[in-house]
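Same chain, two partners: subunit A is paired with subunit B first, then with subunit C.
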Partner chain A sequence: MTFHTSKKAYYAAFIGPAVFIYACIIIFPVLYSLGLSFFNWNGYEKMEFVKLANYVRMFKDDVFLLGLRNNLLIVAVSIFGQLPLGFILAYILYRKMVKAQSFFESMIFLPITISAIVVAILWAQIFAPTGLYTTLIQRLTDNPRYIMAVAQDKQLAILPILFVVLWMYTGMYMVIFLASMQKISPSVIESAIIDGASEFQILMKIVAPSMSNILFTTAVFAIAGSLKSFDLIFAMTSGGPAHYTEVIAIYMYTNTFKYYNYGFGSAVSIVIVALSMGLITIAQKVYGFFEKKYE
Partner chain B sequence: MTIHNERTTGWRVFAYIVMVFFTLLTIGPLFWLFYSSLKPHQDIIQNIFSFPKTLFFENYTEAWRLGKLGIYSMNSIIYTAIATGATTMLALMTGYGFAKFGYDKLTGFFYKFFILGMLITAHSVLVPLFLLEVKLNIDDTRIGVILPYIAFGLPFLIYLATSYIKGIPSALEEAALIDGANYGQIFRMVILPMAVPVTATMIIYNFLGNWNEFIFVFILTSKTALRSLPVGINAFAGGMSRNYGLQFAALVIGTIPMIVFYLFFHKQLKKGFSAGAVKE
Partner chain C sequence: MKRVLGIILVLLAVGSLAFAQAQAETVDDGKVKLSMFHYLDLTDPVATANWDILLSTFEATYPEIELEIEYGFNEPYHDKLQAMAIANQLPDIMFLWPGKRTGMVTSAGKAKDLSPWLEGKLDGFSPTAVAAQGPNGEIFELPEQVTATHVMYTNEKLMAELGLTLPKTLDEMVAQGDVIRAAGYTPIAMTNGDGWQMQSCFLSALIDRTGGRKWMDSALAGDVSFADDEFINALNVIDVLAKNDMFSAGINTLNYGSALTEFVTGKAVYYIDGGWRVNNLNGELPADMVDYVTLNVFPSVPMENGQAASTAAVAGTGHGMNANLSDAEADAAFKWIWFYSGPVGSAIRQSFGALPAYKIPMPNDIDPLTVKLSEFVNNTPSGYVIDAVMDGEGMGVLHPALQELIFGTKTPEEVGAEYEAWVAANER
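Let's look at the complex of A and B:
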């Protein structure tokens, strides 16, 4: 064996196993899913080629459209809620405006470790008709007949879930932003302070501009993460009542594993992948646009 | 800095309000959950706020027994240990291959191939993966759960490993090559010892994800003997128990190991989360 073939053999041995597992478990199924999405199949009868019928049916289904709306709301809350809040929290810690920074940081980051299932059941209890939230409002407003009604409202039922999404993940963005701020050279800030820059100027002129790159990355995280939100909603409401809190991932689960429409379920999962890629492309375009403007 | 202090009082007041508010919002519900889990069902119904009159530990023994949480915990430990160990090892090997072997075109292709995987969610492969496992007769087996854990853990860990190993000076390897070491020996004796810091971050990040994973175990297994803690706890969500005391105890049982884990490793965990976004 010559030196070069042995090097190649080692290269193959080092990356081979990971490539193989990854290709079998992720790449092959995605392609398989794409193929399956053009068929009607319940798992044991003969497959029937139906062209785009699954996709057409999906976009005519009100339940799917409601799920799509809810998914997009979760994306919006992630981008316009988690990111700015995480940024504010990070900035406060970065500028050492409070004492015991590491205490606050650790507390706010804590929910990231707790299983989404636990978080879901906990908050479902808090928002239940006889739960903590309703009781708290009853006592505070002295109105024993108050009951939190948003869960029964088709338009608003998703609100508690949006809140829990914020509760769970804001700390993660705080940690990411803080790490990124700590990369700014301290001397830049110090000399700005000596030159008499106000806090607002430091924020807008030094810290914010150096965050533009990280803002794009976190937006991608937020988009990809939002479309993954299955566990939380599954354990909290299972999409109910009456599909009011449906999201696409739950819609896919129901159609595949309850109604055994494997072809249709595959079409839904392809839409999830496409949606994720599409939104990330949009984020890239928006970022590119502002990047150019800034220069 | 004293001159500065006066001008920033407003900021400080604002900062404390924000921080205290967020901390209470995080800790409050957990604190309520913990003390309520020590109240009998009747007391929770009667007064949802009150502290426990006596510490009612029966909730815990009952939840543990009824919910079969012993079996589920054991499975969680098995899945998490094997998947985390295997994913970390495979990612370090791949990271070494990507970082130090050249072959730019091939490496570039495979690297992108893995990075793309970060955007693919578990749900998009669920249907075909389930069908595939049925065909291969590995549905409802431990290996059928562990393989997807590994595959979905790989992209991010490979990203971490590759960027870290790139930073290890090549002079060390070259010296070892000249001394007659082969690439396997270099990996074991030069790369692995040098990569200890990133390995710690990788293990802790991956451990968290595997421990809390729900959907794969839920779909790919049906036997109690094979299911893990999140699935066991999910059973308390619906019809299984209208006993709030039991439900809360089960939630605490699911939370405690992670809070202990967090106390020890939150620094590495922060590193893991920020490493994906912030370039070192």
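Let's look at the complex of A and C:
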């Protein structure tokens, strides 16, 4: 056995099992789902090949389109809410603009350490018609029939969920950004201050450019996480009332596991993967643009 | 050296297997172990207390049978049962519905027909309870009770305080709304956050009033349509009540159980739910309130072409067994099924307020509400419960549509047309 062949054998031995497991639990299910998405199948009867009918039905279904809109709103809150807010909070703590940084750091990070189900139940109790917020307003206004109108409105019912999503995940991004900022050499910041740079200039000219990598990575997390949002929303509203807070992961779950439409559910899952990849590609392009700009 | 190590490993593996086998035999010695998936709200103190007595009595009577029980409630129960059915990992005993609600088990041949074990025993049951559940007369689950899904519980004391009497018509009911709300109370306590309550506990009874059983049979056969006047007239009643602010505030986002609390705490005059709620009311109503709570049906509605003053009823839920059980396991499983729905279990459940499907005399010390429920079921005509005869996926269309009807974003005609379109395309 030559040096090169033995090297290849070692590579295969070390990487092979991981590749095999990855193929079994990721690649094969995705390809199987893709294949299944062209069939009608209820799990036990014969499969029926239906070409693109599942995809056509999906894009004609108002419930799916509402779920897609809600998902895109969650993506928007993640990208334009969680990331900037997390970044600003991290910068405030990094530049020691407030006292008791450790306390704020812990408090802002705390929601992400709680189970999504617990968070969902907590906020559902607050927003419910018999919950804390509603009861408080009922007492203050002396109107026992007051209810939170937002939750009853098709266009606005998603707002409480967006708020909870923002509250829950911002802390995670803050910690990631803070850890990354702490890698910037303090001497660079000190030099900039001596040279008369303003706080805004430090932020935009020194901190932000050195964070471009991590911004891109967190954007990928935010997009992928937002599109597969399930646990929090399912526990909070199950997509109701009347599908007003539906997201595509719940839509997929309902069709697949409640109504046994395995082919249709697979088609929905493929759309989630495609959307995720599409949005991540856009994020990559934006990242490439800014990377060139700062080079 | 390698060979010696290999032999030692093989010996260890074989030894472990032998030990494990011996241990399993010891555990199983003389006992039949059965897995069970039971439908129970573990946060419900009345239901769990009842269940504990049932279990301890069964264990004392049949020490040779060991039950390993898993619990589920509401939608999570159905979701898990479906997943188990698809994966062919159903438990030995499971809680089933007589209609399509658990059709993924019964219609797919995954539950054993109990008829052979029930020979000579069916006379003990109410005839409605033991109607055939399969196309060939099969009985897949032995009903624990006959279930009236629509009861309008009424707080007579509150009604008297407000100077009201039981309304005879929809208009009279609506007219009471202003008086009740002005006094700070809710006219009709009801929840619809999960979507099924409005369909099962109200619309089913209304369609029996406006159409009747024959109309529903024709709708199932495709001879009439859910877009027809009969169905629309039933939907109109819900529409009128919603527009007149008669239901609990935020009904479409209220979780099941909130309306019960509203009624028990004396904040609502009427409360619409199923007859099964008598169990909870027996446990939770203040002692004096039990006397002035009456069980009624919703008043007469316009365009009644079906049965007047009717409720909706279905042969109750109960336990069934996995089709793959061996003869010995099936015999043991039936011992539980018979214990639960037969004379012994029925007497225990009756003492907690249930109205058993098995005919047993009503003891003198029974809760007054249970007596009232018995009279209600015996004296009230009944129609179909929609989700017991229609497909579950169609309920995924009807339930949100009913929620939108209550929100006022869909008209009764739109709801009827939407449901008819689904039924015509998928169910006939």
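By definition in this document, the second predicted complex is superposed on the first by the 262 of 295 C-alpha atoms of A that agree within 3 Å, B and C clash if a C-alpha of one lies under 4 Å from a C-alpha of the other, contacts with A are read in each partner's own complex, and residues count from 1 in each chain.
FYI, a contact is a pair of C-beta atoms (placed from the backbone, for glycine too) under 8 Å apart; a residue touches a chain by one contact, two chains touch by 3 or more.
Since the model is a prediction, treat every value here as computed from it, not as a measurement.
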item: Contacts of A:M47 with subunit B and subunit C, given as first, second, both or neither; value: neither
item: Partner contacting more residues of subunit A (subunit B vs subunit C); value: B
item: Which of subunit B and subunit C A:L159 touches, first, second, both or neither; value: neither
item: Partner chain(s) touched by A:A242 [first = subunit B, second = subunit C, both, neither]; value: second
item: First, second, both or neither for A:L275, with subunit B first and subunit C second; value: neither
item: Partner chain in contact with A:M211 - subunit B first, subunit C second, else both or neither; value: neither
item: Subunit B versus subunit C as contact partner of A:I184, first or second or both or neither; value: neither
item: Which superposed partner A:F257 touches (first subunit B, second subunit C, both, neither); value: both
item: Partner chain(s) touched by A:L73 [first = subunit B, second = subunit C, both, neither]; value: neither
item: Which of subunit B and subunit C A:A192 touches, first, second, both or neither; value: neither
item: Contact residues of subunit A, present in both the subunit B and the subunit C interface; value: 43, 130, 257
item: Complex interface listing, subunit C residues touching subunit A; value: 75, 78-79, 82-83, 86, 104, 108, 181, 184, 186, 192-195, 245, 248-250, 252-255, 258, 261, 392-393, 396, 400-401, 403-404, 407, 409
item: Subunit B residues within the subunit A interface of the complex; value: 1, 4, 7-8, 11-12, 15-16, 18-19, 22-23, 25-27, 29-30, 32-33, 45, 48-49, 90-91, 93-94, 96-98, 101, 103, 110, 113-114, 117-132, 147-148, 150-152, 154-155, 158, 182-184, 187, 208, 211-212, 214-215, 219, 229-230, 233-234, 236-237, 244, 247-248, 251, 254-255, 258-259, 261-262, 266, 269-271, 273-274, 276-278
item: Subunit B-touching residues of subunit A, taken from the complex the two chains share; value: 6-7, 10-11, 13-15, 17-19, 21-22, 24-30, 32-33, 36, 43, 88-89, 92, 95, 97-98, 104, 106-118, 120-126, 130-132, 135, 167, 170-172, 175-176, 178-180, 183, 193, 198-199, 214, 217-218, 220-221, 224, 227-228, 230-231, 234-235, 249, 252-253, 256-257, 262, 265-266, 269-270, 272-273, 276-277, 280
item: Complex contact set, residues of subunit A against subunit C; value: 43-44, 63, 128-130, 134, 144-148, 151-152, 154, 237-238, 240-243, 254, 257-260
